[in-house]
Amino acid sequence: MKRLAVLTSGGDAPGMNAAIRAVVRAGISRGFQTFGVRHGYTGLMAGDLVPLGSRDVGGIMERGGTILGTTRCQELKTGQGQQAALRQLRERGIEHLVVIGGGGSQAGAAALSGNGQSVVGLTSTIDNDIAGFDVTIGATTAVDVALESVDRLRVTAASHGRVFLVEVMGRDGGFIALNVGIASGAEFIVVPEVETSPVQVAAEIRATWARGKSHAIVVVAEGAKYNVDALASCLGRSDTPLGFDLRLCRLGHVQRGGAPGMTDRLLATRLGAAAVMHLAEGRTGVLVGIRAGCIVAEPLAESVGRKKPLEPDLLDLARTLSL
Amino acid sequence: MKRLAVLTSGGDAPGMNAAIRAVVRAGISRGFQTFGVRHGYTGLMAGDLVPLGSRDVGGIMERGGTILGTTRCQELKTGQGQQAALRQLRERGIEHLVVIGGGGSQAGAAALSGNGQSVVGLTSTIDNDIAGFDVTIGATTAVDVALESVDRLRVTAASHGRVFLVEVMGRDGGFIALNVGIASGAEFIVVPEVETSPVQVAAEIRATWARGKSHAIVVVAEGAKYNVDALASCLGRSDTPLGFDLRLCRLGHVQRGGAPGMTDRLLATRLGAAAVMHLAEGRTGVLVGIRAGCIVAEPLAESVGRKKPLEPDLLDLARTLSL
Amino acid sequence: MKRLAVLTSGGDAPGMNAAIRAVVRAGISRGFQTFGVRHGYTGLMAGDLVPLGSRDVGGIMERGGTILGTTRCQELKTGQGQQAALRQLRERGIEHLVVIGGGGSQAGAAALSGNGQSVVGLTSTIDNDIAGFDVTIGATTAVDVALESVDRLRVTAASHGRVFLVEVMGRDGGFIALNVGIASGAEFIVVPEVETSPVQVAAEIRATWARGKSHAIVVVAEGAKYNVDALASCLGRSDTPLGFDLRLCRLGHVQRGGAPGMTDRLLATRLGAAAVMHLAEGRTGVLVGIRAGCIVAEPLAESVGRKKPLEPDLLDLARTLSL
Amino acid sequence: MKRLAVLTSGGDAPGMNAAIRAVVRAGISRGFQTFGVRHGYTGLMAGDLVPLGSRDVGGIMERGGTILGTTRCQELKTGQGQQAALRQLRERGIEHLVVIGGGGSQAGAAALSGNGQSVVGLTSTIDNDIAGFDVTIGATTAVDVALESVDRLRVTAASHGRVFLVEVMGRDGGFIALNVGIASGAEFIVVPEVETSPVQVAAEIRATWARGKSHAIVVVAEGAKYNVDALASCLGRSDTPLGFDLRLCRLGHVQRGGAPGMTDRLLATRLGAAAVMHLAEGRTGVLVGIRAGCIVAEPLAESVGRKKPLEPDLLDLARTLSL
């Protein structure tokens, strides 16, 4: 029986468990015995693998996080680390590897592939920043969870006549901020991709006040040049009043841990099954994801290091509709 | 100032309010004064219109249903009904109409367009059954709400060792059933598109029992040839035991009324803004929706009466993974 | 080391897992080794017991249902059944038993106690119908889950101008209906404790229409003399129009399977710990619950067969406020 | 017709809208015309009052925050402020006042009562810190919302093998921290009422690690002597490793803005109706709340400045069960 290992790597994302389940069960239907690697590449290098049968992945699809555990592993970037990983697979007679994770994790997968390992990557990160793909496993749920929190902040903001600066995740990109911002009807959105000064933010808040709104929400990506602390500090020093009382809120890791919604469960399930199909049919060294609504696979080597740009017309749209 | 009317029609869908908001506010930015038609085409024929300003559509995006009200209107199918509708618009100097709704409602929009009315349709129905479009406003939230209920049924099914027959909406199509089924890991899915006998359902339940599972979920679209009542009645008469105790649950209209999630708010916002853009640029008689991830407009006349087929490979996938 | 068995019985209720966890862990701190009985009294009679350590009950508190499984067991009502149960405990050297369940299950516990078994009951049923106690484990979450559904029905009811007859659980009592009804602002509430004719229901709906409301919600306990089917059928035959279109919805078992909220987790935790304390201190044959905000224990024999009456002033209150 | 004014004051709490609705509608049934005061005592002093009829309070019960707005008003503590407030009521012929809020707001109500104003207070604060009452309007929902977030943090903590320091609201008391901590199975709870050193916290985390747990949660009240920042800074400087990676999360104002659950809607409804009953029957200068499960009224003057102590046995219980 052919052997296959699956691991999750990098930041956890809602839907990873659904992907693991799909890999294991689609694997069974195509004659693979699957092993789960615990704690990402770190566990792979250390040989921390357990066999996974159909029952082991029952009742996990609806749960956030990853039952396999995950790490951000630096050592796999070294040739030594890669050799350790390959050795562990070889020693167990495991021919194939499925890597569920974001850009950094897929760079690792590309490196292993470059060393001759049969590997397929599954696009999964809440940041949705992998170029060439519509959306990654976990991103939809993360935005939905953040949105639920911003809806709640709006309630208390309206009761007190306040403006909230809300920090959402996104160290390098504004995907979460942009989508949460539009879907919550935020009065202003600050993303790393567009330089935004505290003066602009203050002007928008004052304009909202002047327009007669009872409160305001400004959604700020954590990786913006001026983050919520910097903005609050600048706005606090301003001589011209904002109109509203100012508060800030950092949503933090709560955004990661939600139970996956339908979109992420379905995407993860389809990608997991597709990964096994590619392995079964001998297509390896590819990254599997969704593009223009279709499941596609592109060479891992091509996707490494390419960040997905933000859709600029959505920022304009947000602005137009925050009247 | 140019005048524009907007109405919601047919079954209510989560996200309709976000679409109304987008139409009103994008309208303002392009120099339109918008009127809201109450109670769909029925209200249009009766002249039940109210002006909608920016503040009137504040705080509505996060709420399910439609603030304008909606009906399933038979009278608009007649020439007389159409003339009444057109007369009301003419009398008020309203040049353009935006119709938010599903297939039946867009047939009405096509009829008005055929009478020379400038009209743009927005694809919105929880059934996601309009050919040519990826997904319609409301469908994602409806599936998410149904999924949440099925997750809860699974909990009690597992505690008692039961099989649940769960009816979800879908009189003519299996979209909701299929997606809820895959995302909930249902042991079997029954859709109108595929004839399924009670004998097959019983066989699947017995196979699940034989596989050692502690419980089972069968998701059934309301429009399936054998609905949950018929299935339960047949299974109850069977001589061979199922293994599990049998219960049934009809999720019902709860599926309609959820607060829209990010996906529906964002889609509705983009479609609403696109509809106004098309009107402003003189492209009318079109239906606006999302296809392959892009916002597109296609002639209303072409979309009338075309049902979207179910993705057959998803049914196979569901089967493979319910091991 | 003293030995203790714990079982869940009757309908599953959110919070049962928190009670199991508390019994196991409070047990450890007082020197008990705990065994979990699978599938309620049925499993007890069959000797289906597993040892439960601290790690076995980690990560279960936030999940609905019961990890031990549950049944409605008729056989325990017989002397033979009781002897079988006692024998299984004796054979394993298990001195004490904790029974988590509602009225019927506690009658079983009283019977075992009458046979000389050391037993403590924990009040847990979504029906909250055990006389002498404020609220039972599971009732708060069940009402919250039903309430969420009724909130959603109200949204679609308002969009279409409809009246919904909503059936909630409660075969013998109106606790869930009453509380869901008040908390959802239902226009009328039908409970088994108060005979209500279809004529009255119709009159209330017409009065609501006359008052200018856009829609109406009637919450009906499943055990009411006229259930939703009977009511719908009578109302449908009425010559005088209701004003609103009529729809019905049966919330069903979804009400059972919610993830327990804070109130049920806390109550279950406190009751589980109290049960162990009573056993450790030699007080057995008691039923543990909350009364006037305090954890109390009363003789099992006294609580058997006593149904808790509905608070009548709450029905009046519901009426007053549905203006 | 007798006139009655109602205001919300201090921090907003889920359920305040249900209380407003109950006051208005119970008022109608007892012959009162109700006026809503906007923005708390600030609005009262400025004469910002609007008449509220039955339809004005429809559809608000399920929404968080307060439709009337609220402020933390310092000026009412002065005699001048109180006279301004009384004058506004007198000028409008409004005899009675209902104040919905926490301890500080009820001190204001007591002051007005001392000036001869007919006033009834309703206990509402998420902090549940008013001595003599079981629980206040808003506290249950706030804990439930915080709990949901901690459940999510646990998911990501478990995936990465981390310890999270989670800050919950509670500047002066540990009610939220204690209840969230027990209900989430937190490994340690830090409250203002019990001095806790960083060394103790570190020891507990290390003990959790030693016990073989995969992650840990420490819930910290914002008013604890060492808050999450101080703790994180101390723990970060420690030479002995914690075992787990450390992260912190401040839940912030999200805790305030949830949609009220059944418990808060029901409590608010009962208290609102009781307040009107007391006014109608001439009992004023009282604070209405729930004690030992019953609705009670106690003299406002007696409740001023008395903080409710934390239940110390619950802290012990939390400790026992975090094995």
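Letters are used for the chains, namely A, B, C and D, taken in the order the chains are written, and counting of residues starts over at 1 for each.
Note that in this section a residue touches a chain if its C-beta (ideal position, glycine included) is under 8 Å from a C-beta of that chain, and two chains touch if they have at least 3 such contacts.
For each chain, UniProt lists the protein as follows: A, B, C, D = ATP-dependent 6-phosphofructokinase.
All values reported here derive from a predicted model rather than from experimental measurement.
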| item | value |
| --- | --- |
| Third chains touching both chain C and chain B | none |
| Centroid-based (C-alpha) most distant chain relative to chain A | C |
| Intercentroid distance (Cα basis), chain D paired with chain C, Å | 28 |
| Centroid spacing, where centroids are CA-atom means, of chain A and chain C in whole angstrom | 40 |
| Interchain centroid distance [CA atoms averaged], chain A/chain D, Å | 35 |
| Residues of chain C engaged with two or more neighbouring chains | 151, 154, 158 |
| Chain contact graph, described as a line, ring, star, complete graph or other shape | ring |
| Parts of chain A lying in touch with chain B, wherever the complex brings them together | 21-22, 25-26, 28-29, 54-55, 58-59, 61-62, 134, 140, 143-144, 147, 151, 154, 158, 179-180, 182-185, 211-213, 261-263, 265-266, 269-270, 273, 291-294, 314, 317, 320-321, 323 |
| Chain C partner contacts - residues on chain B that touch it in the complex | 8, 12, 39, 63-66, 69-71, 145, 149, 151-161, 164, 214, 247-254, 256-258 |
